[in-house]
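Please go over the structures that come below.
Both complexes below contain subunit A, partnered by subunit B and then by subunit C.
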Partner chain A sequence: MSKLIPFFFVFMCYGQQPSKEKIIARQGQVSFFSYTSVENIKAENNQVLSIIDLASNEIAVSMLMNAFIFEKALMREHFNESYIESDLYPKATFEGEILDFDPNFEGEQTKIVKGTFSMHGVSKELEIKTKIEYIQGGYILSGTFETLVEDYNINIPPLLRGNIAKTISVDFRFEYRPYES
Partner chain B sequence: MQKRFLWILDLNIDLMKARKTVFLLILFGTANFVGAQDLLDILEDEGKDIPQYSLATFKSTRISFGHSIETRKKGILEIFAANRFWNTPSLRTQSFAADRLSSRIALEYGISNRLSTGIGGTTFDGLFDTYLKYKLVQQRKDKKGSPISITLFQNASYFSEAIADNSIQDNFAKRLSFTTQLLIAKKISPKFSLQIAPSFIHRGLRASQDDPNNHVALGFGGRYKLGHHISFVSEYYTVFNPVKSRDTYGPFSLGINWEIGDVMLQFMLTNAVNMVEDAFITQTYNNFNFRNPNLNFGFNATYIIHFKRGLKNKEQIKKP
Partner chain C sequence: MLKKTNTFKIAFFLAALMVIYLLFQVFFKPDYLNIAEAKPELYLSADTLISHFRAGDQKFLKIESIVEIEGSIKEINTINNRFTILLKGKEHDSSSVICDMQANQNKYLSTLKPKDTIRLKGVFKGFLKDAVFLNCVISDRKINE
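Entry: the complex of A and B
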């Protein structure tokens, strides 16, 4: 009997997992900007997926690189073909935790989201200041952060170095709904 | 003796406890790990129904001299200048750079994301041409959709040069030629794409009564990306019923495509003098080799202007 106790414990641990509440955002918005004196580049992705486990405060984000829409149609082709190589690395993902997050706090709070961002085969630790709003049973996460192009092993030919900024600013906004699996 | 035995028993129990604790710790560890993996797995599952199309099987609307399956996106105007330079067989000439030059200047426009059109004029033979191109099927990367891309191509060209031979009767209709192509391509790997092009050509003018008016041809084309912006391309067309009055050869090319920003430069070595489909497929009179006048150096330059903005809300793109 005593040998079975750990198994019960384990079953309880696994058993708790699905019952914990998860919330999902299916049409999250991520946009990025590059400002240079030569040209300004902006791209938007309105199909970003994100999920939060409210019990553990863990968060995951997944976006398709070829779902980014640019001002110019040719930029999208260049972005996918020559820079991000979306045939080889179709997705960018983020996996992390919202630090000191209280799911029951109504109204607005600003928290740090800490985790690993993977894009173009490179993983980076990021800490992102995020505004969390809790309105009518739904959570909205939004924020802005900046990241360096050179961190992600993206090769820009010397002729075009003036067209693409070294620092890219990224905006995001996710509206979460309860997740039913 | 008994004490000593009990001591061993104690140790045994301790060991069992320790093992149990370690066992539990490992299991808790995995439980947490599985939890973290779960979130991305759920997202993977959620996103699996979004169709994934193959982008940019070729970088340009031409592989080298012939059309590729690519069409221009809606609202894109392409200014296209194609040039061919070649030398006459004479040993000594006083021409600057090259003996002969032919240019095709064209404007090409994307009416919708699938439909493109273009008009152009060629200096050599005074050819004027227009085309319509429609992307019928787009290859998908996921296993659900089509494994190939298919584009329909139709052109018409007008031969405006005077005809020296009095026995050839001509009028406007007879000076027209038409080419219909079914362009079928597959992006086999991110770097390597292949295309085949079954073609039907109707030519109004004939040099002899024995020549057929209608030709059937098959084209082959491929590109291999050497770098992010440079690719190696090659193309070949074979005609199954060529003209009988003169020897013709299949047009062949070896080329480099270099893309930088809104500009695309294509360099090629070819035996095809003409740049309009019906002319280069059925009327290439020299085979491919490195002698004059067979060898042509080809240079295409494409500049792209976007007339349609992709993003809906206009207030963006200002410095924060």
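Entry: the complex of A and C
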């Protein structure tokens, strides 16, 4: 973890030096789905930030929790005010590494991204199977994983427990371009 | 007596309809904000907004406030099948203002191009590397007004 610190310091300072070794996705998409017999809930965030350092294969992701778009206004209100408490925990982050990733391979690869996902004040280690496609001048990373609501200390009132699945399915897709300073 | 009962039944029926309508409004209201009609809480240039956040002034702008932003278009894209306009900050500044446009603004997509100066209105969601605005519309107010 300690070797990640310099990279994330640069990330937090918005990197003043141009680097061909870094790629950025400013409009990454993260969506989640909750399927229950009572109702299905889907939300998506289309402004998720991610930076990859191709020299070290380190990846950082940051998203604003209040930027999720829901089908119904009431779902968004419950999500932000009662479950995620986005005023107290405005961001979710992921910091990790793409294992055995070869940035020079100009094709499709499937790799494991391993790191720490932090949301609602709770950090969990995750390993996510990720498809990596090389495109002209950049990469597309996409994948799906499942996570448990209870892992993130999210309190759901007993009355609404039937409306929200215990396991949430998360999809992501990031289009990376060369990092501009 | 019969007239009184009928009046009561009609009143009850209307009240029940009203309750159903209100419940429907609360539980099934789409997640849509009529931003075109909303009055902005603040008028800002993209430069000013980005400069404040780059200087670490994270509390400069209240989350969820409706803001009108004027700036030069850096990029227009349809990533994630959404119409998005990016406004640029100062020269050599990699941060920008990301405006996720409302679906009814797609008609303007072909009329805009990079370097145009534009005025947008949207809901401020926060700052990552860029300032993020959702539910954006092109403001009716003329430039220099």
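The criterion applied here is as follows: the second predicted complex is superposed on the first by the 161 of 181 C-alpha atoms of A that agree within 3 Å, B and C clash if a C-alpha of one lies under 4 Å from a C-alpha of the other, contacts with A are read in each partner's own complex, and residues count from 1 in each chain.
One rule holds for everything that comes next: a contact is a pair of C-beta atoms (placed from the backbone, for glycine too) under 8 Å apart; a residue touches a chain by one contact, two chains touch by 3 or more.
All of these numbers come straight from a predicted model, not from anything done at the bench.
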Requested in this report: Quick one: on subunit A, after the overlay, do subunit B and subunit C clash, or do they fit? Just give me the call.
Outcome: clash
Query raised in the report: Does the superposition put A:Gln27 against subunit B (first), subunit C (second), both, or neither?
Result: second
Query - In the superposition, subunit B vs subunit C on subunit A residues touched - result: B
Report task. For A:Pro157, select first, second, both or neither according to whether it touches subunit B, subunit C, the two together, or no partner. Result -> first
Query - Partner chain(s) touched by A:Ile140 [first = subunit B, second = subunit C, both, neither] - result: neither
Query raised in the report: Touching A:Glu175, do we find subunit B (first), subunit C (second), both, or neither?
Result: second
Report task. For A:Ser82, decide between first (touching subunit B), second (touching subunit C), both and neither. Result -> first
Report task. May I ask you to decide whether A:Leu64 touches subunit B, subunit C, both, or neither, giving the answer as first, second, both or neither? Result -> both
Report task. Look at A:Gln47 in the shared chain and tell me whether it touches subunit B only, subunit C only, both, or neither; answer first, second, both or neither. Result -> both
Query raised in the report: Following superposition on the C-alpha atoms of chain A, which segment of subunit B from the set 27-35, 189-197, 243-251 or 297-305 overlaps subunit C?
Result: 297-305
Report summary line: Overlap of the subunit B and subunit C interfaces on subunit A comprises residues 14, 24, 26, 44, 47, 49, 62, 64, 66-67, 69-74, 76, 87, 90, 181
Query raised in the report: Inside the complex, what are the residues of subunit B that reach subunit A?
Result: 20, 23-24, 27-28, 31, 34-36, 38-40, 42-44, 46-47, 50, 52-56, 59, 73-76, 141, 190, 228-229, 259-262, 304, 306, 308-311, 316-317, 319-320
Query raised in the report: What part of subunit C is in contact with subunit A in the complex they form?
Result: 26-32, 54, 63-64, 77, 79-80, 82, 84, 86, 92, 94-96, 98, 100, 125-126, 128-130, 132, 134
**Report entry** For the subunit A and subunit C complex, residues of the former touching the latter
**Finding:** 14-15, 24, 26-27, 29, 44, 46-47, 49, 62-64, 66-67, 69-76, 87, 90-91, 173, 175, 180-181
Query - Complex contacts: residues of subunit A adjacent to subunit B - result: 6, 9-10, 13-14, 17, 22, 24, 26, 33, 35, 40, 42, 44, 47, 49-51, 53, 56, 58-62, 64, 66-67, 69-74, 76-78, 80-83, 85-88, 90, 93, 95, 155, 157, 159-160, 163, 169, 179, 181
